[in-house]
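Read through the structures below before going on.
Look at the two complexes coming up: chain A is in both, with chain B in one and chain C in the other.
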Partner chain A sequence: MSALQRALLAPGLLILVGLVIAPIALMAVESFRPFVGGRVGAAGGWTFENYTELIAPAYAFYFWDTFRIGFIVSAAAVGLSTPLAWQAARTRLRIVRVSIFGLLISLLFLSLIAKLYAIQMTWGPSGPLAFFGALIGVPVRSPGYAEVLVFIGLLHFVLPLAALMLIGTFQNINPRLEEAASSLGAPRWRVAMSVTLPLALPGLLSTFMIVFAMCISNFVVPLILGRGVILFTTNLMYTRFSDVANYPSGAAIGVIMLVLSCSMVYAIAGMARRVAQGRG
Partner chain B sequence: MTGLSRRNLLRHSTAAGLTTTMSLQGLAPALSQQGEQLLVVMWGAAWIEVCRRIAEAYVAKTGDKIAWELHAGGAMAIVAKIKPVWPRVNYNLISGWDPVFRAMIKEDWVLPVSLDEMPALKDIPPIFFQKNANGELMSVPLSTSGAFWGYRTDLVDKPIESVEQLLEPQFKGKICVPFPVNLTGLLMLTLAVQRGGNERNIDPGWQFLKELASRGQIGRVFNNNSEFIDTMSSGETSVSFFNLGAWTQVRKRFPVKLLNRLKDNKGFLFNEGFAVIKNDDPKKVAAAKRFANHFATPEICEQYNWPLGEGPTNPKSKPNPEVADALYQPDELAQYAYIADFEYMSSQVDAWAKRWEQEIAPLIRRA
Partner chain C sequence: MMRWRIAEDYAAVVIFRLLLAAIILFLIVPIGVAVILSFDDREFIGAFPPTRFSLRWYRAFLQNPNYLDGLVVSLKLGLAATMISIVAGAGAAIALAESQWRGRDVVETLFLSPKFVPTVVIGFSILGFASAIHVFDAFTRLVMGHVVITIPFTVRATLASLVGIPRSLGEAAVSLGATPWRAFVDITLPLARTGIIAGGLMAFVLSFDEVAVSLFLTDAFTQTLPIALVAEMRANLNLTVAAISTVLATLSVIIVLILDCAAGLDNVIGRGMYRG
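Moving on, here comes the complex of A and B:
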């Protein structure tokens, strides 16, 4: 790397270290400090207790819940946004493309808080669409229905972004490949399954990864729609940092989430790389 | 020729200096009338609405400017927010209640107040004040309130006469409860009292809570006044345990029965008000104390508490007759009221929050 390249990288690296790596490192250090009930923040000394208390089976349940719901929502977001993105990338009608872009971008600009309360008022136990619970066999006052609302809220949050990312993916696929397959007699579904989707797979996996990260790190959606019965690990962290002032315990949860999330991202990225190399 | 001579220079300089001084002297009174900029932390919903109205008239009279910041969740959250940045904190007054005051006094963030500098405090009974180890007054109590069980009578078929009834099938999914850190764990305490316990013997309360959770009685766990008001007003839930101010907002629109005179449980009393936060600028401190004192005067204390439905701490203020049933007469206190050891409960809140996560939340999910 030349001196010029190093000089150009330096400001970005400084910002990365100062604004991202340093706070995370401080959080990791804080996670080994003890906490005394009734005090604010950490006491003196060091301890592993903030980690050992998370070994309780109940906490595995929160981590599992967070990743499970995040995985399902991410898969649904990618699945639902794929046809939308394909249509926006392929349509010859300008009005259709502009409408799809307009819808997606306006959903992004709309306040998340407003969207969540609208979902609560519409789909909640007292809302006009509360019968949806009966349709799917979930009582509206049950925790199961709160999970359904969290699912809807997260989907609302990530679907526009997933669609916008996938538009670029489909635009990068040469349409002549699809035309060639059609001209050789393949029906449209066969073209999609054997040409379009395999070529789009690295983009689909990357989109899934980003959307998954957004879901598992989301705090507001379970807070507002979860009715206090659906708790993500982010909510546990919020309680510790904000309500109880137990910074060390909140930091420990944060470190564990970071390690688990990085592991999942590494696994998915590896999968995407293998798929790309297999095709190349 | 009018050249620049030493005489001319001295004459003109003197004239300029006199002119500037006189104009500054004329400006100084105008500057002092501009007042101080204060940052006050207050609860949302009805609390901020009434405070804005009171502040509008105060600002017009004094020239002080009031900026508001809302509590995010329970008042204790402000303590966690201040800790990492202390002493670089811009707050001048923080609204809170007894456990929050104790936490802030422990951290040495609060200035003492005196009856000389805040004469409105002379009317307020001494028992309402939080004090430090030196016996100095450390809070400006404005409201006397409590946490009670209650229910919407239009949504519940049979009157509730005991908290034990909440285990009945008709209440499945109909009960909303605060998170354990809310009200510094008073939910656990009321359930413990129901089963013969207290704040230092809280296990009976946990047992009762497990029974409620495993039977599916708990439909919502809420974080703050707004969530409580929403869930009770929408009819999503119909029975709860929370503070009188929040109950009053629901009572304005729906018929509510407060269970503050139960044979086998209690009403849990506490005080709310302001804490004056330490600041390097003595003018801001004086302005903050003036503003807090204004709230403690009989007229304003009444105006503040009337829409909130809480009891004014100033005996010269009239309480809202609509909440007369919620306030105890002196001879009722021994039988129905309970004043918790908030200092002890504050030390247990972390353990209780973790116990909720490990023992109660999974039961609610599986119910």
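Moving on, here comes the complex of A and C:
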């Protein structure tokens, strides 16, 4: 390694160690400290209490909500972005392709807060789509509707990303295979079900995992659309810190979330490797 | 038999198109509603659609010091974080792309890892760390947090732009008598330019829209625009936010149009292996 390369690498490494590794290590240490009301920073002694108290049903509930909603949204996002991605990948018209790209990328660049505001104004109590709540039996003004709003908000947030990832998947499936099935007499829905979808399965799965990881680590959507009824673990962590100033407990939640998200990434990477080997 | 299959195909196409239309409407309609509401002349949030239109909420936005201060902080923060993460991230990416040593892959993974750390965890851990090292200035803390969330993007974009460029180009320059510094400035940097610009753009957009990290690191005097907006939306819904959302939506469309003119959206996404 040359001197120049070392000099180029140094600022980045400094940032990694100083702003990622050290703070997280400090947080991990803090998570084993007992909580002393009214103080931030180290108190004496060590304890597991910050972790054990999270097993209590009152807290386990947040984890359950987070994972349940995250799972449903991810499944819906993969299901609904598939037609969009397939259309963009297969259309012969350049204008259709570029319009879908333009729509997805504009949505990606659009501020999440602006999106959530737009959803609140559209699906919320005074919005033109408020009747949807009555349609599915959850009145707009009932507490249960918060979950519907969080669901819509998360879906709107992850759908463009899922679609962009899946466009790559469908583009790399040879269209000749679909044409062959078609010319052998299979109706279109059979082609989709027995040729396209099985070939796209690895891509669909990894998209699902990535979207799921994004959903369960989301903070803003439940904060704004959850009306305090739906809180994710991320929101719990923030409340532990902002309302009760219980830094050690927040740190314990942070460590758990970090472990969860690392294992998720590990699983995704493992899956990607297996798929790559299967093809190679 | 044949006729049955044609009917089946026809039904499948109709259902598929309807589904596609529903999905696109789901994505677009809320944005349209917010844009229309931002021109509402009414004092309160009434039934949709509005009956009279005006620019009052845009004036309200321009007269509200909270939002304007937030906008200034967000712009300054975005620029500072982007500059730092370009210098550190692009530099690291170039060093990584040009070298092969043991542990190189581990370092690369480390640089991309903040992407997988939930943003609340980043905000929370930096807050604790900042108070441990006695940094209490909100803007400094914000820059620290935003550098962490943006650096994976500058590293990744720069690395991507250097893939496939032979290392021998820089070595050739050196063997012809250029200093390593000169080879870096004249050869490597221009080659990495598109990646650096793309990464910087992503970093700025990400920083400008960040809520979770900022919420932990702001204080009463230094607020970013998103934090001011979130506070407003949680307290009471008013239509100033609609006006700001419309401005932001217009900006994102402009970015995409520029991207399309500069590189072509088709090329940004790539066409895949079965399309010429």
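The rule is simple: the second predicted complex is superposed on the first by the 225 of 280 C-alpha atoms of A that agree within 3 Å, B and C clash if a C-alpha of one lies under 4 Å from a C-alpha of the other, contacts with A are read in each partner's own complex, and residues count from 1 in each chain.
Keep this in mind: a contact is a pair of C-beta atoms (placed from the backbone, for glycine too) under 8 Å apart; a residue touches a chain by one contact, two chains touch by 3 or more.
This is a predicted model, so every value here is computed, not measured.
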item: Contacts of A:95 with chain B and chain C, given as first, second, both or neither; value: neither
item: Which superposed partner A:126 touches (first chain B, second chain C, both, neither); value: both
item: Which superposed partner A:59 touches (first chain B, second chain C, both, neither); value: first
item: First, second, both or neither for A:184, with chain B first and chain C second; value: neither
item: Partner chain in contact with A:244 - chain B first, chain C second, else both or neither; value: first
item: Partner chain in contact with A:223 - chain B first, chain C second, else both or neither; value: both
item: Partner, of chain C and chain B, that touches more residues belonging to chain A; value: C
item: Partner chain in contact with A:136 - chain B first, chain C second, else both or neither; value: neither
item: Contacts of A:20 with chain B and chain C, given as first, second, both or neither; value: second
item: Chain C-contacting residues of chain A that also contact chain B; value: 40-41, 124, 126, 223, 241, 247
item: Contacting residues of chain C [partner chain A, same complex]; value: 5, 8-9, 12-13, 16, 19-20, 23-24, 26-31, 33-34, 37, 45-49, 84, 87-89, 91-92, 94-96, 98-99, 101, 107, 110-111, 113-114, 116-122, 124-129, 131-132, 144, 147-148, 151, 155, 180-181, 184, 205, 208-209, 211-212, 215-216, 226, 229-230, 233-234, 237, 241-242, 244-245, 248-249, 251-253, 255-256, 259-260, 265-266, 268-275
item: Touch list for chain A against partner chain B, complex; value: 35, 37-41, 53, 56, 58-59, 61-62, 124-126, 139, 141-143, 223, 227-231, 236, 239-247, 249
item: Partner chain C, residues of chain A touching it in the complex; value: 1-9, 11-16, 19-20, 22-24, 26-27, 30, 40-41, 80-81, 83-84, 87, 89, 94, 97-98, 101-103, 105-107, 109-124, 126-129, 155-156, 159-160, 164, 167-168, 170-176, 185, 187-189, 192, 213, 217, 219-220, 223-224, 234, 237-238, 241, 247, 250-251, 254, 257-258, 261-262, 264-265
item: Residues of chain B that touch chain A when the two form their complex; value: 72-74, 76-77, 79-81, 83-84, 103, 106-107, 172-174, 179, 181-182, 216, 218-223, 234-236, 343, 346-351, 353-354, 357-359, 361-362, 364-367
